[in-house]
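Let me begin by handing over the structure; questions about it come next.
Chain IDs A, B, C and D follow the sequence of writing; residue 1 opens each chain.
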Amino acid sequence: MAGNTYGTIFKLSTFGESHGVAIGGVIDGCPAGITLDLNEIQNELNRRKPGQSAIVTQRKEPDTVEFYSGIFEGVTTGTPIGFAIHNTNQKSHDYTHIKDSYRPSHADYVYDQKYGFRDYRGGGRSSARETASRVVAGAIAKQFVSSIKINAFVSQVGTLKLEKNYKDLDFSLIESNPVRCPDPSTAAKMEDYIKKIKKEGDTIGGIITCVIQNVPIGLGEPVFDKLHAELGKAMLSINAVKGFEYGSGFEGVTQKGSDHNDQYNADGTTKTNNSGGIQGGISNGMDIYFNVAFKPVATVIQPYETIDKEGNMIKTQGKGRHDPCVVPRAVPIVEAMAAIVLADFTLLNRTIKL
Amino acid sequence: MAGNTYGTIFKLSTFGESHGVAIGGVIDGCPAGITLDLNEIQNELNRRKPGQSAIVTQRKEPDTVEFYSGIFEGVTTGTPIGFAIHNTNQKSHDYTHIKDSYRPSHADYVYDQKYGFRDYRGGGRSSARETASRVVAGAIAKQFVSSIKINAFVSQVGTLKLEKNYKDLDFSLIESNPVRCPDPSTAAKMEDYIKKIKKEGDTIGGIITCVIQNVPIGLGEPVFDKLHAELGKAMLSINAVKGFEYGSGFEGVTQKGSDHNDQYNADGTTKTNNSGGIQGGISNGMDIYFNVAFKPVATVIQPYETIDKEGNMIKTQGKGRHDPCVVPRAVPIVEAMAAIVLADFTLLNRTIKL
Amino acid sequence: MAGNTYGTIFKLSTFGESHGVAIGGVIDGCPAGITLDLNEIQNELNRRKPGQSAIVTQRKEPDTVEFYSGIFEGVTTGTPIGFAIHNTNQKSHDYTHIKDSYRPSHADYVYDQKYGFRDYRGGGRSSARETASRVVAGAIAKQFVSSIKINAFVSQVGTLKLEKNYKDLDFSLIESNPVRCPDPSTAAKMEDYIKKIKKEGDTIGGIITCVIQNVPIGLGEPVFDKLHAELGKAMLSINAVKGFEYGSGFEGVTQKGSDHNDQYNADGTTKTNNSGGIQGGISNGMDIYFNVAFKPVATVIQPYETIDKEGNMIKTQGKGRHDPCVVPRAVPIVEAMAAIVLADFTLLNRTIKL
Amino acid sequence: MAGNTYGTIFKLSTFGESHGVAIGGVIDGCPAGITLDLNEIQNELNRRKPGQSAIVTQRKEPDTVEFYSGIFEGVTTGTPIGFAIHNTNQKSHDYTHIKDSYRPSHADYVYDQKYGFRDYRGGGRSSARETASRVVAGAIAKQFVSSIKINAFVSQVGTLKLEKNYKDLDFSLIESNPVRCPDPSTAAKMEDYIKKIKKEGDTIGGIITCVIQNVPIGLGEPVFDKLHAELGKAMLSINAVKGFEYGSGFEGVTQKGSDHNDQYNADGTTKTNNSGGIQGGISNGMDIYFNVAFKPVATVIQPYETIDKEGNMIKTQGKGRHDPCVVPRAVPIVEAMAAIVLADFTLLNRTIKL
């Protein structure tokens, strides 16, 4: 392990630096016999792509995925799916300002300390560009577990909160605005706020909520690989994520057991769902829902002081195109990682009973 | 995988049901040459043990660990450490009330659905009793990574919050009260509140904060096995946990990047620590700190309605000895899982540079 | 990884030294719902046990397995099966003769070099005593894949070969003699020869042949985890094994393709079976058969010269009870490892197709 | 797992079908700071390439490897190394003769049975073409463990044996002839024989011997991941391999312990080396040597009878360009897999002692 493989059966291994030749990966363990909609995969990539709206980075990357193997006449063969997305924009930058200095709250410093040196161009491996590979794998996972419905959306930007319960939202509106918030009036406020932040050369954090519906009972592998523990790890592995909670989450700590417990209906469903669809680490068939907290992007277009490799304090200036708020583009990444986790547990669950 | 192994190099595999013959595990990959303080291991178990104070369950279990292998003349040999804790109290109960019915917000129902049937005695494998095995492994891991200081404590019970920053706390006071809150006046309030909840036959949630100090730079394996992602998974795998956040966490989403960024000092340390000691998934040498949210225990000593195996609604009554609030006893479990994660990443980090 | 776990889904983790408190393990991933015959498990252990006949070591170990978890009312629960075999004979020996010196062709020297020191009593972890744990897991695996028939037997001792094809043998005779060779007249010669070797204080090597029948088509996970590659690894991991060949094996290299190819019958079976039941790493439904070569046991009851820890040449003398030939007792170990491999691939195969 | 990843720390995941767009892989866990000689990697690929001499298949594939990531300014960065080899020859064939029928002793039939259908073009994933990815990873592994010397060579073709001990051979002659046998007169005989076999439209098996010198003491992870067990698995995972033996191997079974034991010199080396450089699964610093048996290639240019998908017996004819004997081209593959195993154990060994 050097940390670039995810999953036990449905297993994704990724590679690639922000400004290397290409990023990509190998998906091993995808079952045979799935007719893949390749347009749908590209569509997911487009949701993550830079330059898609006025509130995201204006960098241009076509993000076209090429498949190398594992698909024959449009159907998965059960053999590994190799794929790559060539970087097209990687030679045009001037990186001298970050080559020998460490940007605050980026991974520059720790990569140098851990590995001895680093590919400094655009953040190298620590760039969120690698998540495009996750989106490819997630789009395939979604098509495998197609009966499960996964919808993520932006529920908070800075202090602007979407106050509605997810049951009162129309998920078909998620893609109707660049923020990916399914409540149009909240979305408009968020969009304005992000534009304002952008003008300041600053950035802001946010929360993505993910709702997973129509989940079969039985997914999750206690005691360590509980369904919510894997979902949590998968989400926390996404760039800029600082927190994860599911079901009643942090709010739930203030409740009494007698209020928090989800009472059963005769059919095994529950009257409330503080459990967030997971009990004892195993899906119980109710909706799974969770929140993922994203910090503000570290790249700000402002002057700042930092250190160089020799430990000298230097004055420098953030520059270039950047995302003022990461959550709109992170929505498909959250969905992708959720789909990968669900695909893996679906396959593991087949091995449980005689 | 059926989910009962944790770690890549420092690897813990556990077994055991709440009321079976014994619980225990195998620790593989613990380096050779560590002189173990066995009393210290037992001491950690005692911190988790039932019956230790008036605010925890009054069940009696001596929780004495026996080591079977991997330690020779008090020193680890590099071979697997097998251990067991015999259950002594397992034959005295009457479980007929849970044999054929499903307790709300417990794992009874999903275990039956997933595995076809279950060891219903005391919750079987889904009981938090299995965490005693984690505490044993964690106590060994702590002795391996002994230069790292791991301190967890209770920072919230219900709505009662410890409002101080961890830097203003004296960790030596954690064990001075049964709540394991290092602020005596807050601890007293929490203790009273838990006693009140207990009298009502009810339960309440809480938050544990964990602070890890003196961490070497470089722990963590991006892009999937980031340090905070593994810490998150490890914590979420503990019974009753509903959320995890590190550094600025959920609060951080409301900050601007210009405020949130941690500016460097000339020596590579940072002036602030919103990053929580982790950047890009790798420790940066600053303090790591995180919060873990625990829901209220599902067992309440009150009448309730639920379903039996045939799907009939039945009326029943919670009974027996239970924990009114899980966080005091969960403090050593949080520390144990943190130690296991740190031990594993310490070993993985040895493989990185030429 | 420190090498003490085997399998991906049906996963065995073992612990234990020859003269520690106990040996044992954890079996994770055994499916729920298997009614276990515990006598059958003990019976397999008895086949491996020392002291069972005049041609094996006369040491006394009852080798009684205790199960700690994962079995409820005689049926597997899908949770990990913890077990231990307590060592009863471990305090009676005098090990001073091997404490500070290295026995030739044993692992004493390399353990000291690799781990810094070792539990020298009876060979510690490097003793074949650990294979008792494998036999327990294998006996459970056999009951899971009960439709598959696994028969191993001794086919060579020194230069004494069983010249018959396995199809002309009556496997019910394997247990009819202490050598575990199903051809009574060859068995008698082998037995005499082993007795003669024993009298000389010497040891001799041998070959075990294993035949696996009624295997479903489709087991094996190319390209690395081919069925024969895992069988090979499993066999080579057994103490004293020096070689593995399946199907036509080493003999097959002298054949032409036109002779070696297995022509199909209309039903998908083949007219010959040089493939040994495996093509492209996947079982094809024909009989699997393979040979496993065991070197002569390194402990000889003769004077020899060797080195001590300080690198001095010393004269010493092999002593104690030992096996003059390991193959009779290794037969159940070969079967056990084969069963574990087949159980694991059976479970993995469930994840392949949509 | 679906079997396409090898290794624990130095971890190779491969993809690709014989006639898909490309083959390739991801190498995760290669340490940072290795200055790679890319020409040397391509040179290893050229040793495996079709069309290199008169005794191998005349197919043309340039087999040019492209690196996508993980190497910066010629040095490994510690991040995953993604690579691909585009197939250039993949559209020119007519595969109708194998689309609906099963070639004897190929994997066609079992792939259809296991996965439901297959990419039939050129054998798809079951083609030995995938081993080119192993050669790339092996060439990088070699450069990581550069102090270890790995030399494989052809030691038998059909019944033609190289009768010399490896110590009497000059490894610099291995590449001096197309057979890759370092004894020129034996090589000449083998070459003539292979040409004769080729003229007959037939094929023949062979043996590759591999010698690994200058191995540090301590590689290997008992009890399951013994050094020779992993080497065995790695070799058995190569297409057409039917057997593996190390040290005294199958011959050793006829020896007595008193003859077979390797007596120590005062410096810890041994006077003989029947152990093949490995004791108890751990390298002891002596030369490692092993033999790998390859069956005759299944594709013969002769008429044969077989079955089609519907189970009808059909008459057909082997055609096209093929290898009459696989061992000359398999020499670099054996070396590559050995290098990968050694690289992985080198990294694991760093985690053993405090």
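For this structure, a couple of remarks:
Here is the rule we use: contacts are C-beta pairs under 8 Å (C-beta built on N, C-alpha and C of every residue); 3 or more make two chains touch, one makes a residue touch a chain.
Source: prediction; values computed, not measured.
Seen from the C-alpha centroid of subunit B, the farthest chain centroid is that of D. In this entry, A-C is the pair from A-B, A-D or A-C that repeats the interface of B-D, since more than half of their contact pairs coincide by residue number.
Mean C-alpha position of subunit B lies 39 Å from that of subunit C.
Once the centre of each chain is set as its mean CA position, subunit A and subunit C turn out to be 46 Å apart. Averaged C-alpha coordinates put the centre of subunit C at 26 Å from the centre of subunit D.
Within subunit C, residues 1-5, 8-9, 14, 29, 32-33, 78, 114-116, 125, 348, 351-354 each touch two or more of the remaining chains. Interface residues of subunit B facing subunit D in the complex, by the touch rule stated above, are 8-9, 29, 31-34, 78, 144, 347-348, 350-354. Interface residues of subunit C facing subunit D in the complex, by the touch rule stated above, are 1-6, 8, 14, 102, 104-107, 109-111, 113-116, 125-126, 130, 156, 158-159, 197, 202-207, 217-218, 220-226, 228-230, 232-234, 236-237, 242-250, 252-258, 260-268, 270, 274-276, 279-284, 291, 293-300, 302, 304-307, 311-313, 348-349, 351-354.
Against subunit A, in their complex, subunit D makes its touches with residues 1-5, 8-9, 11, 13-17, 20-26, 28-30, 32-33, 66-70, 72, 75, 77-82, 84, 114-119, 124-125.
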